[in-house]
């Protein structure tokens, strides 16, 4: 790990709360590292394990999933499902050799711009300390592995 | 009875002007299952004077004490009996945790004397330890001599609840109230229970500080308290030693003994007035000690 | 998929993006991406000329996919979708890259911002290849409305909707409508009598043929979606039959049990059976069970015995109704800071320290002292008039220990109270303030008038109130004098902060309304959409959205009505086509998805042996999609393919 390592972090943010919170951070001109790239989903419940695995495989060093605070989900319960799935996702990722500090589930509301910025700063530092993510040895390459059309559901 | 172990930081007055406080603490601790072990080679916390004159050195001084407690091992908390020490040590902890430049300075200074602070030891006031760790029920059980009818005004001083912490409320603290109630005493209402006693201003701006002392004591007297009970040597000193000056300056006729909560607790546990050091004050305790 | 011809537009947004991001560079980068036919950068894509650029490229260059790299899609996605539609291209063949809120505005160094912008643009370009045209769907809008909260804002909203000829339910959780305004004496700056201007509106609301008033009722749940809400309302048992009661008042005269009056801030008593104030609408009492002797012990029952109309019914039960409405206005109001949390100001310690709300009741002719400002001794009002009164501004407001915001209306309320106290008692009145906020019409003039009346203004927040030798003192730093002062007074009035109403959190969850940092309900846009919320068809008006005075509450009430009427008169509303769909062939019928849907939009079809999505109910959250083990479920416009495309780019660039 060198001083100049800049981690790549992919964030899946829900449209109603966390994406809006990130927008608020922008409107407020808060500054945070450029390492985070955000992908919008309508609800954190949309995020399936294959998204996270693919991100790591395609070059991400860290993944953030952010949704509404429990009780405040725009779709009532989506974030509860995310919470449940997360337990399983954590297990899978660890089995694949992804260190704990590289992936994170957070709740950010539409009015928490400063909290979002702080969260990003913290996560970038955590991932920077862990260094670049390397796929475990012997992982088949992209061509060998066919990502099944639309598959990868969690069943939970 | 299992003994709970704590590191103990008496502070500068502990072995000097507040000797009676320490004696009472030493007496009651074993009776309540507390094993307070004084940290070896502790230094002055620097308190208010140092933080105004040399704030960075103040943090280092505090950090040395914290490092000593950590190094002494046993993962025990560091217990203090002075509100000032409490505030200063905790402030050093917070600055160390929150500010990178403070951390760097402290680490460097401590390294220079071969010590390391890692921010793990907890600083707690004895009052908190008694109320939370020993518990009011346990205290009540051990009372041999209920202080029924004794009207007491619990005086917390300004620093126990400020800055805001998870121990005491700044405006309506109640831990000492509960502790004194557990001894059977009558705790009077006391609106000025957490107003400033003047602190170090008593030396630099005496007139202003005397006003504050008068405010506190006048209310206690108006509420017909028989004694004021404190948790800090500075508070005790200001309220006790300067009563005569207050009377002279304002024409009041205050004559309120100012005790430490550990002494009151000691009386209820059955210890004697003289072994608890009740004689060691300016305004005599009078009948209080004869209960 | 036929040939994809993508146009990419990199917006400067004036200097908002161009200052940090090398827009020309990003444009060139975009030009070289696969499928990109046209790449441009422009000052303001959302403005007319920018939109025209888009249209002409679509028409003349055969563009069939568009990417605009600019602000947040939450800002202008709808705008650009319409531009595409107007040029004959389906609006869903469009994607935005957020290089402003998520990039130029939050990144320090230009190079890093530009690099990030490239990644985001590449992701959008790859994603948009997989977009498919989607048709908007329309649903009918139910022509009835619901207003929750019977304060002045809710009353105004209900009246405006009713006058337009639409049916509206007005649900109020207290026994009477009128809200906080019903307890005021005079209103600033005109010193209009509050009850005089409010009660006609209350009566009109109760009597209007199009308004159904459900008082002493609460909303328990909301189902459905814009234009088609099903709202469950609990009508709490009053233990009095509303239709039989004439409001004669015999019952509460006869009732032996006295309870401190909430309406009078504990300064007087009401009975266990009571109306909250004399001009209550409806003028029908309720029985407070927990304080009623009959309910608690089985004895008494005086009210039942003496009621000339036999309207008391101890067996009455809560009733549940389901209302079907097209839109909802939430006008649930506010509460004030509870000063017992801050004993340093003496409330609860000293009996002549009152809140502004309590003072309002004292100066009110129908209040506990018949409108006189009197001192209390040992819990009772004497006939002693205070010779000096302090009014403390900003108690709990503008304070990082309590509420950081300014409560907006209390400076004017404090000036009004100071004026009334002086007028009634001739006392020396001191106003301890930080700043005087008097921004409305006639407000500054009122302030000037009050100053001329001899009220003493001390610029320093009242820090503490303490009693010494039976005398109250307000401690403050007088910043204009540069001195510390302890001002002796007979009475202290605390102008406490305006806070969210109790139960606001639950109301927010029921209606799917977000809350801001301060706990008030969150509007869609702080400047341009103060009344809309994240849930379409649900609007917020009045103080539940943030502290404000009566004129602003009324204006918002009317504004909310306008929103509702515009929805209702349009008759139908567009529903997003972003919904889940199931490939029946691939579905194995495992039914894992069925219980996951909060809207019960998925049903298993025995005959087909597969599940199906009810598009009218589906909201497109995608929770089911993520769960499907066989990949039969997909979410339109958020397909795996589309998201994978984004992941590929942002993970590697």
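Chains here go by letter, A, B and C, matching the order in which they are written, and residues are numbered from 1 within each.
Assume a contact is a pair of C-beta atoms (placed from the backbone, for glycine too) under 8 Å apart; a residue touches a chain by one contact, two chains touch by 3 or more.
As the structure is a computational prediction, the values presented were derived from the model and not from experiment.
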| item | value |
| --- | --- |
| Fewest touching-chain hops separating chain A from chain B | 2 |
| Which of B-C and A-C has more C-beta contact pairs | A-C |
| Distance from chain C to chain B - Cα centre to Cα centre, in angstrom | 47 |
| Interchain centroid distance [CA atoms averaged], chain A/chain C, Å | 31 |
| Residues of chain B touching at least two other chains | none |
| Shared interface positions of chain C, touching two or more other chains | none |
| Residue numbers of chain A (touch at least two other chains) | none |
| Chain C residues within the chain A interface of the complex | 72-75, 98, 100-103, 105-109, 112-113, 115-116, 119-120, 123, 508-509, 512, 514-517, 522, 534-535, 578, 586, 590, 592, 596, 598-599, 619-623, 625-635, 638-641, 643-644, 646-648, 650-652 |
| In the complex with chain C, residue positions of chain A that touch it | 8, 10, 15-17, 19-20, 22-23, 25-27, 29-34, 37-43, 45-48, 50-51, 54-60, 71-72, 74-78, 81, 85, 109-112, 117, 147-156 |
| Residue ranges of chain C in contact with chain B within the complex | 342-344, 349, 401, 466-469 |
| Interfacial residue positions of chain B with respect to chain C in the complex | 164, 171-172, 191-192, 215, 218-219, 222 |
